[in-house]
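Look at the two complexes coming up: subunit A is in both, with subunit B in one and subunit C in the other.
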Partner chain A sequence: MRARIPWRAMPGPTARALPWGPLTACLVAGLLIMMVPAAATAGLGVDNIVNLARIVMLAGALGVAFLLDDPAASTTAVLPVPRLARIAVRGLLAVPVLAGWWALTLAAAHLAVAAEVRPAVPALTLTVEAAALVCVAFALAGIRRGGAAGTVGGIVAAPLTLVLVLLLQFLPDGWSLFVGAGDPRWREAHVIWSVLAGSALLASGLLAHEPTSRRATTRPAPQPVGAGVRR
Partner chain B sequence: MTEPTVVATHLTLNYRKTPALADVSFAVGRGIVGLLGPNGAGKSTLLRIIATATSSYGGDLRMLGRDPRNAQDRLEIRRRLGYLPQEPGFHPRFTAFEFIDYVAILKEMTDRVRRHAEVRRVLTAVGLADQQGKRIKALSGGMRQRVALAASLLGDPEILILDEPTVGLDPEQRLRFRELIADLGENRTVVLSTHQTEDVAMLCQSVVVLHQGQIHFEGSSPQLAALADGRVWSDSVKDPRAVAAWRSADGSYRNLGMPPDGAPTLPPTIEDGYLMLVQPTAGAAVAA
Partner chain C sequence: MTTVLGERAPASPPNARPSGPVTAILALAKVEGGRLLRHPAVLVAFALSVSWAVYGLRGTGHPVLQHTVRDTQLGMLAVAAGAILAAHLAASRPYRDGTDELFDVLLMPAWQRTVALLAATVPLALVSAVLVAAHVAVYAGRSAAVGVIDVGDVLTGPVVVLFGAVAGVLLGRCTRAVVAGPLLLVGLAALTLYASFSNSPLRWLAPVVLRDEQYPLPGDLIGRPAGWHLLYLILLTAALAAGALAVRRTGRDGVRPALVAGVAMVGALALLIPQAAAPGERVEQRRQEAMERPAASQECRSLDAVTYCAFPDFTGLVPGWAELLEAVREPVPGPARSQITAVRQRVNTNATDLGGLIGSAGADPVPAESWKADDTRAGTPDTVPVGTGWGDGQAELDFAAAVAYRIVTGGQVTAAPPEPLCGGRAVVILWLAAQATAQTRDGFDYRLAHSTGGLLSTPVPGFDAQMFVEYRETSVVRELLAQPVAATRQRVTQAWTQLIDPGTTTEQAARTLGVPAGRADEQGQCR
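Right after this comes the complex of A and B.
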């Protein structure tokens, strides 16, 4: 027996239920971080752009950390459509928005660097980093709290994301994931970023599943409702 | 009693090391069961377990003959269950209709025409048909409570779990609510947690009193009231021996506890019986 998931009916109301406010604020802030230098100068170096892009992707990840905030969670907690489907729909609805935002970020980055170094901007690998951070924030947002439908919410997931990024920032040189564009570990670091993105997605899926007890239980005999005081 | 629809055996649940439920066993069938108890007694915890909102409990639970800890069984239970939580949440920008429609979608109602008819049905049942186009943020607390109640009625569930549903309702709304619940209880199991003893007295065929995570009483409303038989007396002064005493409308004191010799006793209410169970010093009086 499987849940009948109304895939066609869910996106409309789910899109309206999404907490667009925090997400939009973070995406706009991130975009401004990239657009202001782009408007002011067209002579930034590739390393500067890489660093700016990382700040932008952190802003985006912080917005994504709020994506599973749901004020109606207590009312909808025990409905048959599984938590995994609800979380998947929320995530999928944000994908086009995030993709558009990241495309704008890369376009602004492109304008901010000198024409002769534009081909050296590692757009694809930066996209892998951004995707990984967003997936990590999404996974952290899905940490379960308070039973069937509750999550920790952005108020916890966003600081966790920030702390994680700071930890990654301060990893020793040989381990750092935030490597410079010309660093010999660039390729290796981005393999790890890819693995991180995949792992975070997997973690999201696992966290979205409701726990089931495999513990053997005995079938009880019905207890009669007998009147009386129990001490 | 009809065939039990909810059978709990030795349910236990601890919050860290504090027991929220300790060895709770009961069985209920069709009809309305009132769950009484002071704040922190474990009522909401018990209802959350029955509503399949949590599976981290010890002991055994069968609902409609199924085990909620098994994913397949849980799905089937949820299809046949309605749950009004103690603090229902909403999407405030949705209208009442849109919100109930969203809940209906999550209740696997895929056919739009039939779903909308069902949404209108439950909104009418709770008296919100005229308010269905209003945004939830514009509704009063009582109306929001009715929106949540309407959500729990979707799909005509066989088991209805209501956690303090009359909070925030005015007297007229409470009266309407009683009518509605009384009708619903005729052909399904309704588990009703409340602090309103008069709601229990008027609605419930059976009562469970939960205190400090344990069941202290199980029986009918008259049987609960009977616990205070001969323990309620009227006096012109507040009797210091009473476990509870309050000045009534006629100016006399209604004392509860072990009456002095010769004191004229009053017929007890369900509230008196309940107080005899949960007042710290009343246990001895009940035992006596």
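Right after this comes the complex of A and C.
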């Protein structure tokens, strides 16, 4: 029989176990990157702020890449709570933090651009991009490794996120997703970004699926202790 | 790594003199160097930068070498990024594997291990150097290449890779947090981005300062402190390497690495002074001269009764100009053709590329008076301007537009007029320019897609001289371009006098040429 998921009991302990260190480091670094030109009242143009915002959202995504790091993964694997629920709770706990951080980033961006171009800053579409990058990083962090319990974690997901962004950066003009603010492909690129965000979420859902059936009557193969932790 | 240790342990019995630290360091460096080169992040970065370079080969008919060379630095930034990640992971591997304590019982002290890690970054830099050299050689080997190669700029690419790898090692010695490597990378990316849109002298602190001037400059006007920057980068890398040896040091034999790191750092920062002083007063003076009175420093050549004057580094562009000029005036009947007697290269030496848009505010006004006097002195009155860029379609369109404008109106665009170009003249000028070659056609399509309400051309690149044609006229031109070329050319030749009459409206021109005129633009200024 399927166990009921203890939704109310999960957030507290999960929040305590989340790897806040890497996330905080990344979010603070991202905010600082945006605050330097804001503090210098640089009066940047729209294109510059869009590029800067992309670096900041990359910093945030890197933090998210570490979100599923769990040294205790091999012990939580035996709990009756499904893996999908555990991963979902981890992700959902980070959402308000990320939302607040992104709002602060946009506020700093507002201060960094020249007053006359402020209305032209595409805050909403940049938010779509940021959400997509974060979702992709989260999906990459969920790539399974080490049997039933472990995920590759930030050590693989963070470089993968960076490589992916590098790849997008080097795409030829007609294919680029990091388009300039005045580019005619702006709309098209952001449709792709939202599709990317959706597919990344879907992918992390699929990756979170339990590798062995929870209703299996036979015992899963025994694993060496700490198999999911070693890198 | 384990292989090395395995070999060494039995080879050195307790009382025997060790076979020398150099052997051990080299052996470890060899293994770590191989691992660094084979690291997935580095491999992907290499693949990216190579495929990007190969992709860049197509379509650039006239590479400007100084820009090509700086572009190699962009490719190397990707490799440096991979190097940071890989070197950081390599240096912090013992923490993650829990072998740090194990190392304490071995004969090889920690600092030798660090030296080996640092030495392991050299093969990576060498491979990068080979790639950069190949990239530059391919471009420089083209007969159509113009511009100059600065060795400082060439070497900056591989040194940036070295810098990235060494920074990764230092970071790995400082912190065991995995997130530190990616974060350092993001920080450096932000620094490079700041440098790309800042005019402050502090921008030279960034590892790579990409394109400076918006329009290619003649070699003696560039004044880019590439050599100083390379030296700065080398000293900075040395400081980081010494720093890697200084951290977590047990401190038995003095504080030399820290001292070296400090001295190298101070030296690197001191190099900011010559970098910030560039380009220097003499270059500034020459730039001003080249902008206002270029004739004295240019070389001229006559082809088909037209004199082409170019800066010495750009004489390779003359055949291209001549070819385009012929293509523009091919449909033009006899007397109007000979309107053009001279073409002179113009460059705005003040323009910096800060991510602005085409024809954005801040372009300098055309120094029409001094140009006129200069042209008269050189014996080539009424020159048609041409910029220093070539090969991207837009430069071709701008030059073709300047030529067509001269043929049709007999004048030259010298300002940014508030009103657009209207009527049959606008159609003929733009069509002459767009139909000339495949490149001008590309430029036409690009500009049309990137301007609002019509098409903007900057016939004097870098100066505040613009030609704006409204949407309605551009759509007539588009219709014309869709027709068979030979027939359209014939019709234009036959109706030439009527078409270029200032009184001819767009409807009349369209009717004469047999294409639909479209509806009048309500927001447009042309009636």
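Criterion: the second predicted complex is superposed on the first by the 209 of 231 C-alpha atoms of A that agree within 3 Å, B and C clash if a C-alpha of one lies under 4 Å from a C-alpha of the other, contacts with A are read in each partner's own complex, and residues count from 1 in each chain.
Going forward, a residue touches a chain if its C-beta (ideal position, glycine included) is under 8 Å from a C-beta of that chain, and two chains touch if they have at least 3 such contacts.
Owing to the predicted nature of the structure, the values given are computational and were not obtained by experimental measurement.
A.B. asks: In the overlaid three-chain picture, which partner chain does A:210 touch, first (subunit B) or second (subunit C), both, or neither?
C.D. replies: first
A.B. asks: Just checking: does A:124 make contact with subunit B only, subunit C only, both, or neither of them? Give me first, second, both or neither.
C.D. replies: In the superposition, A:124 contacts neither subunit B nor subunit C.
A.B. asks: Should A:9 be classified as contacting the first partner (subunit B), the second (subunit C), both, or neither?
C.D. replies: first
A.B. asks: Name the contact category of A:163: first (subunit B only), second (subunit C only), both, or neither.
C.D. replies: A:163 sits against subunit C, while subunit B stays out of touch.
A.B. asks: Spot which of subunit B and subunit C makes contact with more residues of subunit A, would you?
C.D. replies: Higher number of touched subunit A residues: B.
A.B. asks: Touching A:55 in the superposition: subunit B (first), subunit C (second), both, neither?
C.D. replies: After superposing on A, A:55 lies in contact with subunit C but is clear of subunit B.
A.B. asks: Is A:154 touching the first partner subunit B, the second partner subunit C, both, or neither of them?
C.D. replies: A:154: touches subunit C, not subunit B.
A.B. asks: Quick check on the output: what are the common subunit A residues between the subunit B footprint and the subunit C footprint?
C.D. replies: The overlap between the subunit B and subunit C interfaces on subunit A comprises residues 231.
A.B. asks: Would you pull the subunit B residues touching subunit A in the complex into a rising list?
C.D. replies: 1, 4, 7-9, 25-28, 48, 51-56, 60, 62, 67, 69-72, 74-76, 78-79, 81, 83, 85, 87-94, 98-99, 101-103, 105-110, 112, 148, 151, 206, 214-220, 223, 227, 277, 283, 286-287
A.B. asks: Which positions of subunit C touch subunit A when the two form their complex?
C.D. replies: Checking each residue of subunit C against subunit A gives 40-41, 44-45, 48-49, 51-52, 55, 78, 81-82, 85, 89, 96, 177-183, 185-187, 189-190, 193-194, 197-198, 354-357, 449-450.
A.B. asks: Tell me, which parts of subunit A touch subunit C in their complex?
C.D. replies: It is residues 21-22, 25-26, 29-30, 33, 36-37, 42, 44-45, 47-48, 51-52, 55, 58-59, 62-63, 65-66, 154-155, 158-159, 161-163, 166-167, 170, 172, 182, 184, 231 of subunit A that touch subunit C.
A.B. asks: Going by the contact rule set out above, which residues of subunit A touch subunit B in the complex?
C.D. replies: Listed in rising order, the residues are 1-6, 8-10, 13, 16-17, 70-82, 86, 147-149, 210-213, 215, 217-220, 222-231.
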